[in-house]
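A, B, C, D and E label the chains in the order they appear, each numbered from 1.
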Amino acid sequence: MIYQGKQKIWADYQKEIPDNHWFYVRSCIRQNFFPGSEKMFLEICRNVLKKDFFETEYHTTCGGIAYHCDTIPQETVMTIVARQFALMTEAGYENYVASCITSFGNYAEIIETWREFPEVETRIRELLWKACRREFKIPKNLAHASDLIYKYRNEIAARAKYRLVNRYTGEPLKVVEHIGCHYAKMFPSKGVGGAEYPYVLCGMIESWGGNVIDYPERRHCCGYGFRQYHVKANRGYSLSNTYKKFESMEPYHPDFILTNCPGCPYFMDRWQYVIAETEGKTYGGNGYGIPVLTYEELASLVLGYDPWDIGMQLHQVAVEPLLDKIGIAYDPKEKYKGLNEKDLMRPELPGVLRCC
Amino acid sequence: MDFGFKLSPSSAINLDKVDLSRFEKLHGIEPDIIKCMACGSCTSSCPANRFSGMSLRKVILDLQRGREKEALGMLRNCMLCGKCTMVCPRGINTRHLILSICRIYGEDGK
Amino acid sequence: MGKLYDELLKDYRVKEGLKTCINCGTCTAICPAAEFYRYDPRKVMDIVQSRDEEEIEKLLKSDFIWYCGECMSCVTRCPRKNGPGLVIMALRNLSARLGYFVCSEKGRQLYPLTRILTGNILNYGYCVYPDTFKWEDHKESGPVWKWHTEHIRDTMARVGANFKGEGPGVLRKIPQESLDELKRIFDVTGGTERIETVEKFSRAKAEEMGMDMDEYFRETFEHTSGSHLNNDD
Amino acid sequence: MKENIVIIGGGIAGLEAAAQLLSLGYKPIIIEKSDHLGGHVAEWNCLFPDMTPARDIVSSLAARSADANIFLNTEISFVNKLKDSYNIMLSNGISIITKIILVTTGFSVFDAAKKEEYGYGVYDQVITNRDLEHWFNTGEDKRVNDCGMNAVGFVHCVGSRDEKARNPQCSKVCCITAVKQAIELKQKFPDAMVYCFYMDLRMFGKKYEDFYISAQRDYGVRFIRGRVSEVSENIDGRVIVKAEDTLSGKPVKVTLDLLVLMAGMVCSPDSTRVANMARLPVDSDGFLKSEDNVADIISSPKEGVFYAGACTGPKTVPETLAEARAAALKVHLYIKGLE
Amino acid sequence: MRERFLTGYNDFVLPFVCGMIFVLAYCIIGMTRIILQLPAQDRKRFFISLVTPKTFFKNVKDIFLKCLIHVDLWKRNKLLGYMHSSIAFGWFMLILVGHIEVFLYTSNLGAKALYYPIFFRYFVAETESTMKGSLIFFLMDFFLLVVLSGIALAIIKRVRSRLFGMRRTTNPSFLDLVGLYSLWAIFPLRLLAESFTADISGGSFLTKSLNYVFTEFLSNHANMLPAWWAYSCALGIFFFVLPFSRYMHIPTEILLIPLRNAGIRIVNARKGLAKAQVYSCPSCGLCIDACPMVVLKGNIRDTTVYLNRQIRRNNEARIEEISDKCLLCGKCTAVCPVGVEGDKLRIAQRSVRKYSYSPDYSNISAEKEAMMCNKFVTAPNNEVSSADNEKVLYFAGCMTALTPVIRKTTESVLEKAGVEYEIMDKDGGLCCGRPLLMAGRQDQARQLVEKNTEIIMASGADTLLLSCPICYRIFRENYTLPGIEVIHHTEYFERLVLSGRLRMRRDNTKYVYHDPCELGRGCGVYEQPRNVIASAGVLVEAARNRKESICCGGSLGSLTLGFDKRKAMTENAISNLMAGSPDRIVTACPLCMSTFSRYSDRPVEDIAQVVDRTSEAGKL
């Protein structure tokens, strides 16, 4: 692997990301499975970095999952998106940041379609007016939330309490990054670093002290596949794709996986559990899995937040071995406690996958 | 634990792992087999194509990819009529090739 | 109704996604579905490109168009700037519109999908929502999810979510007026009509298969024959 | 015979045209940007279909055109159109007034690093056709492992027939070059598996098909119809190639010790620069535009400006030489017309 | 005649007697084994045929004409015929007359009967009564001269075979050579021995006169014993090598003729009839010249004579190579003087091959196929023009699919003649099974025969018309289609012309007709196509035609001949057709047509094209 070769490509894909004043929209999947992540994103941006991020309670799903499950027509999803843009316009923002990769891809695709076929935009404006009496401007800048953490990575590094270094060996942690397919595969120029060697997560890992691992199936989809997961009968597809990725990364013994898509960490986390239960195979050493982190979680961890405050307990794969490696202090007894030490009992332990 | 689904087998051909020993044996008898340029003339003229999907082009390809079962399945209705030999632009003696395949490859494995 | 190909061509995704295909196979090579299903996106493109009405109709009624995971990996690599994934979406859209989806096993799954996803959107404003994401239907979500949903108000509160709360925040309650707007958007953009179409054809199919709608839902949601996978006969 | 003839580019087209003009009694001026004559051919090892050493072609051309005025390491600073002639200013300060310009600026090899998914410049074991020729010539390339060569792949159409690479044209010679290089590698590493990943094999030239048959029959080169979609590196540093075996409709994957990218021909930036300076039009394929693409490919739409070789599109060596000869005759007749 | 020795014995007879006993024992055992190897049914049939007067007389006649007179060779070349019959018939007569002589003049024969007829002249002396036998003396010398003339010719033939109409002869094996030289030696030595004793035992114009010459310088009678020893040894050696040389054909042919006359076919590749044929091969090498593959010198050793030799040696690799290469044109069978069926023998060798995968056609629905061509069943009666009009089912065949002009013109001719017809293989149909049969895959071929039979029987037709001789042959030989006439289009066209349903316009175009192997040698159809062509233009003949027609080289029979190798054969076949400088080449086989078209410098047509071009509708 020739690192300079990658640097050259990264230099070609630098996208303009304004520093401040963003209209923030949430992700359905992230809110369900990693609720702490979104909270931490705003926490870090607003309170740590003192940036202006606006969120309105009136925004909804973008409809992307329903659209990619082919349950709603293109016009419907476009109008829902137009409504989101209208909310941004009404709030006086022109920079639009999405927490979800599906949404991000959805917005990018729709804006691109409108650009190429202006008659579609006109029609959607009419439909939105008819349905909601709203009008919108197309955002001047569209970003994914990971773009912003990437943008702020050095500021975060400057305030970091921990570095991604194995405290036992002194070596940088080996980190595998996984980019959501809809981040740059459709429009390589819309992603930091392009589609083939995206830099958005690599940049974070590098500036926080870790070492990025490239493995053969790095670019492969996690296997979500929308309808291939939401319908129970199809989940073998989803499982098989994740399995393929893990088989490919296994020889590299990564310390953890970093993702920027809300779905991928859920799938890569839970499919490890299913592979362990059905195939008896674990990838993380000592019967553990490989922890799969969102970039918000990682940023929060290096900034020194309590792992249980940011929702690390909602992962099926235990994160404790990773926390130990980095040297992050945590209280095992607090892991499954509610607010004010409320006893919530604890999840059952899986049969094969080792958990804490 | 039963989740209601399981891993699916992969159909990808992994050329690193294909066992070509039988193909090499065949190639020893039929050196022309690798002259095939997959033009499909054989398939288009084949009367067995209607019945067992016979396509000599695919048979040759499948054998090289280690997909022996598929290849033999197609051969099932070959009537050895010789039209493929007549139309092959590379002059491959397809009839003898088919007979050699039938000698070397069998349902029984070896 | 016009010819199928003309109908497809009206879809902007086909306009963007199918210029001319040279059958190079780049899409299939990296397609996650091509490896695990009997599926070859290149062939789908070729059939659409052929403008053969009969073939296109067969395609719309087949399982093939439902194998794609819409990851759009194919879009990145196509040397002719095509988007097989986009064409698939257009095909699925047409298949749903014409009711052809009930002809194939994978197509029939559109019914549970529609019920779950549009239900979530219209009822909660989210595509995925804990109240409808049951551990029983998602055993792979693990004991953690089971625990999480059992104590959801507490676990959500612990990580600072605003679960079912007023105002902004994680999994807040989306105000009724926003949900009403969504409903109106569905009404004027054909979303509602699509739900009804899927309902109608599925109902007819369920009747043909001798099931009530709940059985039909379970059947299509949970069961699949082996014929979709590669290595069995 | 005092008419100045300026030949821009000292590749084989320029040299052949100069040699012909010399034999017609003219004294042409060759302007060459680099420090050697012969252009791309000088960097090649052997030429299909008879495996003629490229060096022989170039040295014989150089010998035959040695009497021309040759400026090496010289670029053109600007071109001024005068009333019925051109004023050419060279980077070495010399200025030439001429009525005749023969553009033989040739092509550039497509920068394979632009096909990011193939990882040229990122993965250690990925090289281009030009790198391989360099290795044939010098034996120096640490990427070619003399002892551990088990599997080698060739990817056709890299940067050709590719709208994403902004070159939808076929580069014409890569198919046969890949076949040639595959045979050469098989000769050096008889036990290695050699795969060619192609979209279409365009064996249009004299004896090309024989070459292809020989590669199949005599060397056992495996041809797989499918464009390579993705290349990645495994933990041993070998490259994994993914394509579709379109003839069986299945994804195919193979691990290789060396991957050779058949980088195509694109119009050289020098051609474009000259075209800008002399106000020559550029055709929709990015190459220089001829008066007529069928009947008169060597005339430019501009009075006194002629083309030869790959500046008007991808060409083989014999085609280029033939065009150079035709251009020399055209120049000769043009000068006769002026008198 | 008086016996010279009381014992009537001398040691020199031993070599002969041992050889004789050995060869007789060998032949009896061999013959018994062959007969036992026949399938029970065939064996029964064979024995019955032996006692049936008709076949009995035929056997006798055939043995006499073929084994002794070699009538086939006479037909081919007089000199060759004379050479063979002089030796065979002459020798036979020597033996016959010798026996008569012995029985006439000796009593108390006993064990002497074994060798007396051969060495009679040594053991007897001339007496008063001798001159009564002067006729016998004369006959013996006469036949000895006949044989000697044959031997002389044989020696010449070894050097100049062309005089005998043979371009190439077989390369003899070592034992063949031993046999050959001992055979050549037998009769001169007999002459020598008898001449030495002629003054004692008497003789005629040959022996007696030679005796006079000898006595001039060799008066001592002691000299005669070595000559008799040498004679006996030559015979002994000949008999000992006989079973292992080509001369085994002499006794075997006597068995082969009745086997053939009993109508027995080759069942087992190496046993029974096949074995009889193999051992009957005299290695004369006529099949070498006949073989179309021999244009390429490298193929000489792949001719039938060498196949027979390799089968006798059990050289499996070569047997496979030879039997797979053959075009199965059947010409060697046609020219073979003893009736070795080179083509069938090879098919039999192919059929014993082991395959680990075998196609089967049980998934093909004959019913469904029949639906596509059952017009005669489904059409209401009034649509069929007249009740007595035949209902023709036209099976174009696989090969015709590659030469659609044949099908098109055949249809056009049928329409002109107002024939009610239906095409059986519009959609490709099934193969007739002949190519599988030729490849030795009999079980598979049988399956196809069954499927096709079912389809044809369900079609409601009463005539099956074929335009491909390959199909035609298997339909004639292996199909049972009760109530349905199987006919080739050449025959059908002749019928249409003769019946006036087609009117031909004759012009001056010169046509040469190529007899396709399967139609001519295979099915015996020679005259019908010629009659049809003669009514369309001027018919000229090829240098070799009819039974001796040369295969086009495209045959499906060969499994291994490559495309490039066949070219020379095709060119040779074309040059054979050029003898009469024809304007057009006409054939009646799609495979011949496409093969010839590849290399011919003048138009090649199927007979259907000729008929279509030159005919118009006649009276109905």
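As a convention for this text, a contact is a pair of C-beta atoms (placed from the backbone, for glycine too) under 8 Å apart; a residue touches a chain by one contact, two chains touch by 3 or more.
What you see is a predicted model; the values in this text were computed from it and never measured.
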Per-chain CA centroid nearest to the all-protein CA mean: B
Chain whose average C-alpha position is farthest from subunit C's own: E
Farthest chain (mean CA position) relative to subunit A: E
Chain pair bearing the highest count of C-beta contacts: A-C
CA centroid of subunit B to CA centroid of subunit E, Å: 40
Subunit C and subunit D: spacing of chain centres that average the CA atoms, whole Å: 48
Distance between chain centroids, defined by C-alpha means - subunit C, subunit E (Å): 75
Cα-centroid distance, subunit B relative to subunit C, in whole angstrom: 37
Sites on subunit C at which at least two other chains make contact: 30, 34-37, 76, 140, 222, 229
Residues of subunit A whose C-beta touches two or more other chains: 195-196, 219, 232-237, 239-240, 244, 274
Multi-partner residues of subunit E (each touching 2 or more other chains): none
Chains that touch, pairwise: A-B, A-C, A-D, B-C, B-D, B-E, C-D
Touch list for subunit D against partner subunit B, complex: 151, 193, 195, 201, 212-213, 216-217, 220, 222-223, 225, 245, 247-248, 250-255
Sites on subunit B touched by subunit A in the complex: 1, 3-8, 10
Contact footprint of subunit C on subunit A as seen in their complex: 26, 28-29, 31-33, 35-36, 38-39, 43, 55-61, 63-66, 68-76, 78-80, 83, 105, 113, 116-117, 120, 127-128, 130-132, 181-182, 184-186, 188, 195-196, 219-221, 223-228, 230-241, 244, 270-271, 273-274, 308-311, 313-316, 336-339, 342, 344-350
Residues of subunit A defined as touching subunit D within the complex: 1-2, 4-6, 8-9, 194-197, 214-219, 251-252
Subunit D-facing residues of subunit B, complex: 11-16, 31-32, 34-35, 37-38, 57-58, 61-62, 64-65, 67, 90
